[in-house]
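Next up, some structures in structure tokens.
The two complexes that follow have subunit A in common; it is paired with subunit B in the first and with subunit C in the second.
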Partner chain A sequence: MPHIFAPLTLEIIVLILGVFLLLAESLAKSGDRSWMGRWGVAVLAIVFGWSFFTTGDSGSVFYSADSTALFFKRIALLSTIGILVMALEFQTVLQRFIPGDGKGSGTGEFFALPVFTCAGLMFMASAIDFLLIFVALELSTISFYILVAYMRRQNASLEAGVKYLILGALGTGFLVYGITWVFGLTGETQLARIAQALPLQLAPGGRLHGSETAILFAVGLLLVALGFKVAAAPFQLWVPDVYQGAPTPVTAFLSVGSKAAGFIVLLRVLEPFVSQPVLGPKLVGILNVLAILSLAYGSLAALPQDNLKRLLAYSSIGHAGYLLVSLASLNPAAPDFAGATRTIGFYLVGYLLMTLLAFLVLTIVSSQSRGDDIAHFNGLSKRSPFLAFAMVVAMASLAGIPLTVGFYGKFMVFSAAVAAQKFLLVGIGIVSVAAGFYFYFRVIAAMFWREPGEQSPVVVSGLSKLAVATLVAGILLLGIFPGPVLNSIKVRNEPATASLR
Partner chain B sequence: MLNLLLFLPLLAATAIGFGSPARKTAIAASFGMLATALALLFQYDRGNPGFQFVSSVSVLPAWDLKYLLAADGLSLLLLLLTAAVTLSAVWVSPTDPVRPRLFYASLLLISAGAVGAFASQDLFFFYAFHELALIPTFLLLGIWGTGERHTAAWKITIYLAVGSFILLIGLVDLYHALPSEFRTFDMIKLQKLATQQVIPAAAQARPYLFLLVGFGILVSLFPFHTWAPDAYASAPTPAAMLHAGVLKKFGLYGLIRVAIPLLPAGAEHWAWLLLILLVGNVLYVGLVTIAQKRLDQLLGFSSVMHMGYIFLGIAAANSIGLSGACLLMFAHGLSIAALFALCGYLRSLKPGLSLDGFGGLGRTAPFLGATFGLAAFASIGLPGFGNFASEMLVFFGAFKPAAPAGSQLPFQIATGCAIWGVVISAVYMLRAYRSVFLGPVTLPPTEETKAWAAAALQRLRLPLVLLLGLLLYAGFVPGNLLAFVKPSIEAMLPR
Partner chain C sequence: MSVTLNHYLFASGILFAIGFSGVLLRRNILTIFMCLELMLNAANLSLVAFSRFNVSPTGLPNYNAQILVFFIITVAAAEVAVGLAIIVSLFRARQTTHVEDVNSLKF
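So, the complex of A and B:
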């Protein structure tokens, strides 16, 4: 019986908000559109609060409302709120690169589309059937196609849009092909039914006995598509150019929202397959390779970057690598998906906070310094000590310094790797941590060691100040007391307390 | 009380960030720290070798993760060292550096990191507090350093980051090596487990190696030492004092507190490696020190070299050797801080600090000459200073180490080599003393130089009296300090 606190209500409100914003953009008179952003922030904040009161299950075979899904929905909501705040800061830059009257007309979709993406990400968090996974993924991806190319008078943005469109379509192709293979082999699209059917079909005498290669091929196709979504190497080719060319808030959204949703889908899709004794070791082996490549590529290629957006793009690949380490450390004999979900969930919360903070500061600084190179941060500690401090916190957390949330994430990931005796992964981890210290600290060095290029103080609006302060507080508080978030990731069939893997 | 000691510098740094006068706040906070540390020493019950002043806040019950402060004799000695060096470092800091707030706040954060690391008895926070010093060090070197400061800042940051990450892997590996019913981060519980030896000997070698390399990089164990001399030579004086004097002791403290008690079989397994490396510290780095032409680099290398003795005490892994190592950590911290304070003051006269650029300075600045002489004698290890007493203990301990009777020869050879280190130190320290303070006067005693020498008294008297006084105390009555350390060491060693 549907009621007002039913799980699906959240997505419905978000979709209504998106439609409303779109209509408002087309019907309202030309002029300032920032009220749309503020409305979006307010409504999404209400939905976020609402998510704590949802009860009951959907009873649907497509859509799960378990607490993991809710947790990832909150990540999607929070990142969208952050993106809208950033988009408000970004308006001045945006107007330079779109046709319009220069007073804000034409920027409305820039607030409406992230809301649709958010709905797509929320559906992905709940999807337990390949069909819904596909539809939800496309909902978010198609909104992203437009958002990436939004600044249509800037070549870099258009280039990024084309690259993302072509490679995104390719990724979608892999996904559909993979789903088709899985359906053809098992006769199912529901993950739960696949999990039930696989052991029987793989057993001697079952119809899939001896066709492990075919299943591995199918899962491999899915891994390609999802690897594209989470920006894991070797499917990362699009990342640097798209991240650098896209409008900064969209870059942040790609890096946080897309990755989070990709990982929840990855977790759900992998579980039935990794749990099969004949498939598990091979799949974990593949994940190992992906993790090593992402860690090494993400951190080493970031070393020579001078553009902060591009640097954060490589860092996003590196963080996908850290997240994959926790999947690669699964023990195929008894895969602890509950523990992996908790590690990944917590890591993503931390990643959300620190990445949003970094991009928010970047948006503010670059819209006033007219550029997003590391050099534009020179002497920021003199121009705005507040923003410089916030950026130090963000960079420290990305580098994984203790007493910030980034450290706990890294700690849990490598604790899993040590427990699984994956010392090759640990070794690569040492290299990538060292590299990470170098490129994240370059930003700190620019802000504190160098003299500012221009002396004018950086102006921060009230809403952004609040957002920055909240993110800093979140990073530091969760860096000392991770309990509230960690314990809120309750996983099915598992006691409420979290033990360290 | 321990909370007070930890939060004084933290709160003072925050207050400075919000606009309180930088130098005054920092000095007040560090006086408060010294008073608190002394009060803790007096309140400590020496009859009870266990942890005292325990205060605990649960952070994550599922992992048994706590914010847990407590101190035994060993921690207290290092806390006293931290407080004394902090006060000296803040005192000798320039009165009006560029961007004074950032400068003093960074110093206080380094100090808070050291206090937190020595007072936390939870592995997680023990580790976390040490890392608190990373960014302030990076800023202090990069903004206020001299010479190749940017290179040095990158070098120290990357080295320490890699060292701490390897250390983290070692701690996690140690955690997983514990039987699952005993797994905890609580170092007080771990110390009890250590006396029961719950980790099977075969599982100890790998975590110990990780810990040895991780801690070793942080302490500039040969051949991971190259960051230290560069960093100390280009760091601003107070940063060099805090880092060489206090923060570097974290790695040694960690080996004594965590690695040796919990993983004795691992320590025995890798003793040969540690012995080779520490001889490298004493002899190789010692000879490199002799070749130095500049005072700041000479002191930087000498501080790396002296780590070798402390490692020798740790390698011995018996109560005498470990107690000697702890006492030497204290004495070395004081003497190197005094030497860096003097070196920093000399830099204000001749920025290059080239050893042949001075000469006969003792006549113009007798106070500097006398105190430098005392600190140099202490550093060589002459009787009367804490260094002598503790080096003796280390040598005695290492000559009859905890290792079984058949395998003691390598230790005795290493001890023999290390004793030659004393001669090496005497060569370079006395040479430095002679070329700076004795011999023909190369700098004419102008009005300017005289004023400079007179100002030394006001700037350096308090820190040097404090540091040298504590050194003499440790040298004349080492028993008083040993009474704190030795029972605590014995309580953690396996019986």
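So, the complex of A and C:
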């Protein structure tokens, strides 16, 4: 019996909000469009609060309403709220690079499209059928194509849009072909049914006995597609260019929302396959390679970067590496997916807070200094001590200093790897943490020990001040008391197999 | 000789390979985009074939895959609509659709 606290209500409200914003935009008089952003923030905040009251089962074979799904939905909602705040701050830059006459013309969709992306990410968090996984992933990806190429008077943005389009569509191709093969081999598109059917099919006499290679091929195709999504090496080719060229709020959204939703799908898709004794060790081996490549590439290529957005792009690849370490530490004999979900969930919350903070400060500073190189941060401590302090917290947390949430996330990842005796992974992880200290601290050094290029103080709007302060508080509080967030993902209501009907 | 599942899979594999190599080798963005669509259609072909040959005990094909094909076609259409719009605006700004001319973002 559907009621207003049914799980699906969240997505429905978000979709209605998106449609409402688009309609209201087309009917409203031309002029300032920042009211759209404020409406979006307000309604999404209500939906976020609502998510704590949803009860009941979804009653659907496509859509799971377990606590993991809810948790990742909250990550999607929070990141979208952060992105809309950033978009409000970004309006002046946006206006310069889109055709149109008068203040605010053409900026409306920039506030409506993130809401649709958010709905896509939320559906991804709940998807337990390949059909819904595919459609949800495309809902978010296609909205991203438009957002990345939004500033169409700027070559960098257009170029980033085309690159993201081609490589994103390539990822879609691999995803669809992978789904095809999984369906062809197992005869099912529901993950729960696949988990149920696979052991029988792989047993001697089953239809898949002896064709493990074919299944590995199919899962490999899916891994390629999801690797694109979470920005893992060697599928990271698009990341630096797209991150640098896209409008800054969109870059932040790509790096937080897309990665979080990609990982929940990865967890759900891998579970039935890694649990099979004949497939598990090989798949964990593949994950190992992906983790090592992402860690090494992300941290080494970040060292010489002078553009902060590009640096954060490489850092995003590196963080995908840390997250993959926790998947690669799964024991194929008895994979503890609940534990991995918990580590990844907590790490992603930390990643959300620190990345949003870094990008929010970057948006504010770059829209007033007209550039996003590290050099534009020179002497920020004199121009705005508040923002400089916030950036120090963000960078320290990204680097993994104790007492910040970034440290605790890395600690959980590495302790899982040590428990699984993956010492090569731990070694490479420690080297990349050390490299991280160098490139994150270059930003801090620039803010405090370089002379500012211009003296004018940086102005921060009230809403952004509130957002920055909340994010700083979140990073420090969760770094000291990680308990509340950890407990909220501790219980995984039911494994995917139990939602079979 | 009757057409078996393997024939369809072989054809679809070739289509996918042609599409993928086109994406890697061709230099015109429009051609690359067509090759991407070819990859999706390769998947559609094998989905329908799998559905047709995966006969359930009741004697009916597994229709899940055929429904999925319709979703793929619809999503591909949406992707083309957005993609071509982006390519058109790139052409307006740069007067080119050649990948080698689109390289201002580099190390």
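Keep this in mind: the second predicted complex is superposed on the first by the 489 of 501 C-alpha atoms of A that agree within 3 Å, B and C clash if a C-alpha of one lies under 4 Å from a C-alpha of the other, contacts with A are read in each partner's own complex, and residues count from 1 in each chain.
Definition applied: a contact is a pair of C-beta atoms (placed from the backbone, for glycine too) under 8 Å apart; a residue touches a chain by one contact, two chains touch by 3 or more.
This one's a predicted model, so the numbers in the text were calculated from it and none came from an experiment.
Once the two complexes are laid over each other on the shared chain, residue contacts for A:F414 go to subunit B alone; subunit C is not touched.
Contacts of A:Y438 after superposition: subunit B is touched, whereas subunit C is not reached.
Using the contact criterion defined above for the overlaid structures, shared-chain residue A:A169 touches subunit C, although it does not reach subunit B. With both structures placed on the common chain, the touch criterion links A:W449 to subunit B but leaves subunit C unconnected.
When both complexes are overlaid on chain A, the residue A:L403 reaches subunit B alone and has no touch with subunit C. By the touch criterion stated above, A:F48 is placed in contact with neither subunit B nor subunit C. By the touch criterion stated above, A:T180 is placed in contact with subunit C alone, subunit B being left untouched. In the overlay built on the shared chain, the residue A:S381 is in contact with subunit B alone; subunit C does not reach it.
In the complex of the two chains, the subunit A residues touching subunit C come out as 130-131, 134-135, 138, 142, 145-146, 149, 152-153, 155-156, 158-163, 165-166, 169-170, 172-174, 176-177, 179-181, 183-184, 187-189, 240-241, 244-245, 304. Taken in their complex, subunit C has these residues touching subunit A: 9, 16, 19-20, 23, 29, 32-33, 36, 39-40, 42-43, 46-47, 50, 54, 62, 64-65, 67-68, 71-72, 75, 78-79, 82-83, 86-87, 89-90, 93-94, 102-105, 107. Of all residues in subunit B, only 59-63, 67, 102, 124, 127-129, 131-132, 134-135, 138-139, 142-143, 150, 153-154, 157-158, 161-162, 165-166, 168-169, 172-173, 175-176, 183 touch subunit A in the complex they form. Contact residues of subunit A toward subunit B in the complex are 381, 392, 396, 399, 401-403, 407, 411, 414-415, 418-419, 426, 429-430, 433-434, 437-438, 441, 444-445, 448-449, 480-483, 486-487, 497-500.
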